[in-house]
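Heads up, there are several structures right after this.
After this come two complexes, each holding chain A, first together with chain B and then together with chain C.
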Partner chain A sequence: MLEGYKGKALEFLSFHNADLGDIIEIQKDNITIKGVLMPSYSKDDDIIVIKLDNGYNVGISLKGINNFRIIEKKTVPPTTKAEEKKKEEKSEVKIISTGGTIVSKIEYETGAVRPALTTEEIINFMPEIKEIAKIDAEVLFSILSENMKPEYWIKIAESAKKALDNGNLGVVIAHGTDTMAYTASALAFSFKSLTGPIVLVGSQRSSDRPSSDSPINLYSAILVAKNAPFAEVTVNMHGESSDTYTLVHRGVKVRKMHTSRRDSFQSINDIPIAKVYWKDKEIKLLRDDYFTRREKNELDAKFDTRVFLLKYYPGMRADIIDYLIASGIRGIIIEGTGLGHTSTELLEAFRKASKDGIFIGMTSQCLFGRVNMNVYTTGRQLQEVGVTPLEDMLPETAIVKLMWVLAHESDLDNIRKLMLTNLAGEMNYRHIPEYFPRWYHDRIRLQ
Partner chain B sequence: MTELDYSKLGLKVGLEIHQQLNTSHKLFCNCPTTLSEDFHTQLERYLRPSFSELGEVDIAALFEWQKGKKYIYRVPPSSCLVECDEEPPHIIDDEALGIAVAVSLALHSTLVDEVYVMRKIVIDGSNTSGFQRTAIISLGGYIEVDNQKIGIQTLALEEDASRKISDTGTEVIYNLDRLGIPLIEISTAPDIRTPEQAERVAFKIGQLLRLTGKVKRGIGTIRQDLNVSIEGGVKTEIKGVQMLELIPEIIKNEAKRQYELLRIKEELKKRNLTKDNIRNSFKVEDLTEELKDSNSKIIKKEVEKGGRIYGLKVVGFKGIFGWQLMPNRRFGTEVADYVRSLAGLGGLFHSDELPNYGITKEEVEKVKKILEIKENDAFVLIVGPKEKLDIAQNTILDRVLQAFDGVPKETRAALDDGTTKFMRPQPGSARMYPETDIPPRRIDERILQLAKQFMPEQPEVKLKKLIELGLSKDLANTILNSIRLDLFDELVKKYSPKVPPTFIASTLEVTLKYVKSKGGDISVISDDVIEELIKYVYEDKITKDAVQEILLELATSKRPLGDIIKNYIPLSDSEIEKIVIQTIEENKKEIEARRDKAFNIVMSKVMSKVRGRADSRKVIEIIKEHLG
Partner chain C sequence: MLEGYKGKALEFLSFHNADLGDIIEIQKDNITIKGVLMPSYSKDDDIIVIKLDNGYNVGISLKGINNFRIIEKKTVPPTTKAEEKKKEEKSEVKIISTGGTIVSKIEYETGAVRPALTTEEIINFMPEIKEIAKIDAEVLFSILSENMKPEYWIKIAESAKKALDNGNLGVVIAHGTDTMAYTASALAFSFKSLTGPIVLVGSQRSSDRPSSDSPINLYSAILVAKNAPFAEVTVNMHGESSDTYTLVHRGVKVRKMHTSRRDSFQSINDIPIAKVYWKDKEIKLLRDDYFTRREKNELDAKFDTRVFLLKYYPGMRADIIDYLIASGIRGIIIEGTGLGHTSTELLEAFRKASKDGIFIGMTSQCLFGRVNMNVYTTGRQLQEVGVTPLEDMLPETAIVKLMWVLAHESDLDNIRKLMLTNLAGEMNYRHIPEYFPRWYHDRIRLQ
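Now for the complex of A and B:
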């Protein structure tokens, strides 16, 4: 199969019976180029990609090739029979792999990094893990985190429950970072009690590079899953750009705050539960109000996706909301301005929605801080037409919570009551000054 | 030792020339390509080898990983998240690509149609990512030297590495300022046949690069790696030759080393030794008890720290460890370097150099007895922590066994005295895999157009142009071969013809050499300093004569340029007149006594007072007026 090739190049290579991995030789201008035929990820269809002896790939256009020959067909190495997997003694930590860059490989089709490595390969990649816990691994699915959806959340939750029920001390879930916080919230609302922690982990630098944050994140996640005194759904990622420690965040209070940095995951309106110094294998607790390990795992994972996360912006038209109602949604989370506002022009649309039994909750696009809809008239008017202020809940956490609540309640008052019940620590009623990050303002940063 | 006959030896040399480009931006981000000692934050990182697309772990990568080093990166204000490995690379810089294409064309190379950026695994920490991004731009081509075509194999565009600040063995500090500066890497075919020719080829390629007007200069901006082999030997990579003049010496020494290693191989055969002999009789004894009271400083120091002393028996190896391979380096030195690099152990002695270093004859006898060393055998003593000794004994056995094969595959580091030392085993090509964050880049019409403005002129054409500017043939040649050719062009463009090109050229080449010969530190004379002075001349603020004086003063006194210039503001005619009158007055007696020499006396005294601040013709005129 000629992976990645299309059009002219595909035709040309097929004509010559060439396959990926063949050693080929082409004459072009006055030079001879010899190397291994590689998959293409060119956007042009006249390019052949060849890996030269020195390891470099080059793209050569069909134009001007005056000789092409196959020097040696690819030799298929005899497949070594996979070792009979001997059932090891009972594992202490179960790693459930869902995809993402913590387990990634190169994809030639687009040239992008894709989830591919099996969890066993990760263990091979980082043998030190064996020194801290007996582990078992499972590839649940291999999807990009942007393709994650509620039905997968349920599968992950069930798989995690099974692992804990079977006596594992904790579960590690390898997950792409983009939607990791959504999954964390979904699991947090689904589990009423847990015997051990569920630790979501990912990497911001793909695991196919020496500088990846993946090994340290994974290693400390396993450390936490096995040893932590808390039993809640958490996210464990780098605490700073340096490879010094990781942070264990409460799953319902964490957010990806940067597109690419290692320390992009941060607790918002909260502080992390623990710091993990991987080198010393030390878990340093930062607070004591965590959910402790319980006798059994109670799971209730159901989600209704008939919801909408509405980010308000100046000029938003009221008929958008009418359209949403007509489309059959059952609930809206508004990401409003400041303390929790939208234009008063939307009031009528919200009133109508509420009357139709649609739940409308308010969060803030400021992310930091609590909504307060009593300070300004607009806030009061929004409450009057049925909008419920959702404290300091993150918009993403609120939408996941609403999906879970709607799958369990149909009465609007009960829905409202549940949305305002602190189920998993998603609301924090006290904010201290340290919850807001301190930015740099000195000149050197601004130059 | 007599010079070896290189053609008989089958000497083959290839060069790899790395030249920094003077682009506005780094290769994969928008940062400037300037260096900076400042830093506002530090990052601590560790690196692990990754699996290449072919599924093999590279031995060189693994080797660095086993050392378990911590890397500290200083982040200067001129660096961004890309250098910190906290943001994916941007697409390849157009300007750098244009220059690379221009140089490719000048070398008659064939451009690839689509450029693929690769990741070359380098986990000595010099790249925050753990790999160097590099891409082949063209293949083939040649450069003519000595009427011979020296083949070009590849021209690659790559990012420079971080700048090493310090290395304690467990912790390395780097500055990120240099990371990402574009480099052109030109690899020649192994067509070079003599040590001297290698220098000429390197010079010619360097000159071609300078003629683009877009390369950096100064220490570390151009680096030469050498690939050297002789018949029966192995292609050895020698890294980091910074000075052109050292190239012949290093090649001679390497040829000699390979030649001697092959002689050792023959000698072992003559002695009827085999690898199995060595392996089977290899013996390791803990001699700590027997030698702990030795007067050897190294032994004392290590034993105090709780270290052990091992003795290793190598049968039939008498005289081999002491065999000289190149000046100051014996076979034993090579073994010691392996042990230092691979086991992190410093203390090693071998029987060919003992008794010495505080180890007495009696102690040697004791060792010989315990290890059962016979007349033709050799032994090695190693001192240090037990874990390291356990690794070191295997390293030593491995290196000793390699003597039977001749020349091992190595990457060596060039030293300032023209010798080289073992750096690491040679990396395989497995350390290369695609940089998936950067899409392939077509070399299209737009890039070819851009390349036109960087096309290096042919040296002969450039020389003709320089002579047309009024430079003498000699000066024109000097400028053509100068690293400051681009500065010359720039200054001429801005300040000529008012400031004559000859003056600019001689300031750059003659004056600077003069200042250096007078003991001045010319590193303080930056391009900006030179330009400022030329500009002052252009604006009639100082005389041409003053330039040399100011530069000399700047380079010796290190006072601020502004202060020095103040003393060289030209004197008005009336000020000169005043000085002349005063001088005549002061020397009245002498003038009267030696009337015929009066002019010379006054002239020399006045000039010493006004040098650099007055045109000498004007001074002569005024003196003549007053002496009547």
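Now for the complex of A and C:
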């Protein structure tokens, strides 16, 4: 459990029976330093990292330490095997933890996030959640979501299916925010039907910060998992910058739109499915066209990663496409300009790729709106060489869908057909002006 | 001028002295067909394309045509060489046309856009513009902007410099919207100082449609070019869905955010420089921190295209980076997840690239917000292997900046330093909540 420590430092801490999260006191060179023991990512093996009360953390060399004592052990409530068994049988909502900020009790500006917590820690993370549902939890992975990959998507899907098959009313998946939308898409394409909602939840600010969104996001995710009438793969995150409500987004239509804001997850070319006023335990549906709870959970999770997401920019050279062909790729999603274009200089390379049986789909780097490759010559020429316009699908959703489709179809025509079949609401055929957000166009306050 | 026609069809049309845009009448098989002669993109050389009154266009085979006559010639006002000379000397605003929808008089759903117009047509495109400034125009290119490339950026920059050096108060560049933001960035990095504003302007809907944004965008672009106190490279497009105002965006902070809306261009991580109430000829400044008109125009336009914009997604393989290294690339801009991450599986490939002297910069696919690679382990590890966090720079701006920087520096440290030097306002060190747009979270009206 002494993550990152090695050599002398590991030996020293083990000897003192110290663990990450313990409050420790060090005396060194006549100075007393008090703080929380943090993971080490130092290359040196004689450094101990502690987080001070002011939020900063410091690396302290073992050299010259006169005294070391643990002031307070990190508390972990005890649980017996029998108790765990009992919970498994009776739970209404299962929390599957994959890692990320939401399951980190400690985070700091200059240090690392430790994503791993035990099952018990997750359940005791926010005591109020036990009042709204019988909870069971499982630590499936402890990874930062930037390290999420297709083989993990399959494990998450299988774990979620098991939980629903076992009678849980819904599943909450704690996940890092970086790639949460990709995982949501992967699960959405993998489940043909669901008995209850799968709610991905994360947090933009860890629970040791006063502005943390962890508790509210988790609380409302559990409300949704247990009570929502829809049974879709969704993302539940803060809806606006205050703590009024969270939003439940359709997994295939959501995107992380800001690096740090709590309301960074927003539906694109779509409206969220529901708003959750957590204080009133109210799930307010924003639409009626959702997938409902079914009799059984049908799962078909397979992904072929021989794909590439190609974001076009002026000056892009055609040789990259030749390389992709040579590398044995089976599909390309282009993130083109405007209505779905690239330079016509790439046409021949796309024609060759297409002739080699490679699927090429077009999305737009505008993100909002729909591609339309019939308006301009370039769009028509791209279609002629085999590029398929993918409606209003997000580039991120399209690349995940393509991985799923390629694992199920080998014939190019069938691949095309499946890519244009609306499997999980990833295409929205009718847009309303409200899909486009409103921008601030007034004078800024210069101070 | 008979774009796209070849062989028999070209011969036939030339014989009849027909030109694109002429209203023609064809009698064939006892049917009379009337419409506007359009460019042909048919593979066959005996097809004439005309646009019917109902907006559709049809391809008509030469075979069986009994009669062909021109009902009305496309009108081009005559100008003499002397008149042109006179205008050049006296103009206040120069319009440089590169192509795109804004300079297309004809567009149709099922046909092609013809971007080329003559100088006279541009000036006569909207007669009102002559009332607000003495205008001169130049057709530099006639291309769709998806075909824009770095060598054209240089030509545009040189042409703009010449116009300003000749005493014009400002320059308007008519440009397709697809890659307008990239060109704006390229020009912004190329000009060290300007005597007047360079205003890129385009249109999302062509002037033959009632909802066209062409006239208002062009009109207000000329107002800005002539009267604005700032001398920056800017993009001037519709500000909201009605015709009230246009927005003048800083070229390095703007992005096309919708495939088809007229207000698709919006400032990201920034506020526009000005709002233009064209009816009142009013330029309302939204900020004071702009680059002012200088004594002279300093231009340094060079670009190295040995770069690649790599958008990360889960499942991305490291081999693509190995290929980029082998291909002789000099720089990579990563569009990472969240605060600036990729899978740690790519670390070794980045380390190798970095050791080979390849610059690697990090931006975020969230688009909004700032990268921060000090919060999580992955970010710190990426920095250790040589990845440079690029603040709140847009990925599109970063790739253009990198092309410019690489053409000026060869030492990796100097490249890093220049990438992190705020050359044209591409980095905004202080964010306000208003930068993030407001999203619609209410129930949709289902009809």
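Throughout what follows, the second predicted complex is superposed on the first by the 347 of 447 C-alpha atoms of A that agree within 3 Å, B and C clash if a C-alpha of one lies under 4 Å from a C-alpha of the other, contacts with A are read in each partner's own complex, and residues count from 1 in each chain.
Keep this in mind: a residue touches a chain if its C-beta (ideal position, glycine included) is under 8 Å from a C-beta of that chain, and two chains touch if they have at least 3 such contacts.
Everything numeric in this text was worked out from a predicted model, so none of it was measured.
S.K.: Of the partners chain B and chain C, which touch A:L309 in the superposed model: first, second, both, neither?
M.R.: second
S.K.: Under the stated touch criterion, which partner chain does A:D53 make contact with: chain B (first), chain C (second), both, or neither?
M.R.: The answer is first: A:D53 touches chain B but not chain C.
S.K.: Looking at A:T246, would you say it contacts chain B, chain C, both, or neither? Reply first, second, both or neither.
M.R.: neither
S.K.: Just checking: does A:R205 make contact with chain B only, chain C only, both, or neither of them? Give me first, second, both or neither.
M.R.: In the superposed model, A:R205 contacts chain B only, not chain C.
S.K.: In the overlay, work out which of chain B or chain C sits against more residues of chain A.
M.R.: Chain A has more residues touched by C than by the other partner.
S.K.: Answer with first, second, both or neither: which of chain B and chain C does A:N30 touch in the superposed model?
M.R.: After superposition on chain A, A:N30 lies in contact with chain B alone.
S.K.: Give one of first, second, both or neither to describe whether A:P437 is in contact with chain B, with chain C, with both, or with none.
M.R.: A:P437 contacts chain C only, not chain B.
S.K.: One more residue to check, A:S220. First (chain B), second (chain C), both or neither?
M.R.: The answer is neither, since A:S220 touches no partner chain.
S.K.: Which partner does A:P272 reach: the first (chain B), the second (chain C), both, or neither?
M.R.: second
S.K.: For A:S260 in the superposed arrangement: first (chain B), second (chain C), both or neither?
M.R.: After superposition on chain A, A:S260 lies in contact with both partners, chain B and chain C.
S.K.: Which chain A residues contact chain B in one complex and chain C in the other?
M.R.: The answer is residues 41, 107, 112-113, 241, 259-261, 444-445 of chain A.
S.K.: In the complex formed with chain A, which residues of chain B make contact?
M.R.: Touching chain A from chain B are residues 38, 40, 42-51, 53, 61, 65, 77, 81, 84-88, 110, 112-116, 118-121, 123, 128-131, 134-136, 139-140, 154, 156, 429-434, 436-437, 439-440, 442.
S.K.: Along chain A, where are the residues that touch chain B in the complex?
M.R.: Answer in residue numbers: 28-31, 33, 41-44, 47, 49, 52-61, 63, 106-107, 111-113, 125-126, 205, 207-212, 215-216, 241-244, 259-262, 444-445, 447.
S.K.: Quick one: which bits of chain C touch chain A in the complex? Just the residue numbers, please.
M.R.: It is residues 41, 107, 109-110, 112-113, 144-150, 153, 176-179, 182-183, 239-241, 245, 247, 256-261, 263-264, 266-267, 271-272, 275, 285-289, 303, 305, 307-309, 311, 313-317, 319-320, 323-324, 327, 335-345, 364-372, 374-378, 380-381, 395-396, 399-400, 403, 432-446 of chain C that touch chain A.
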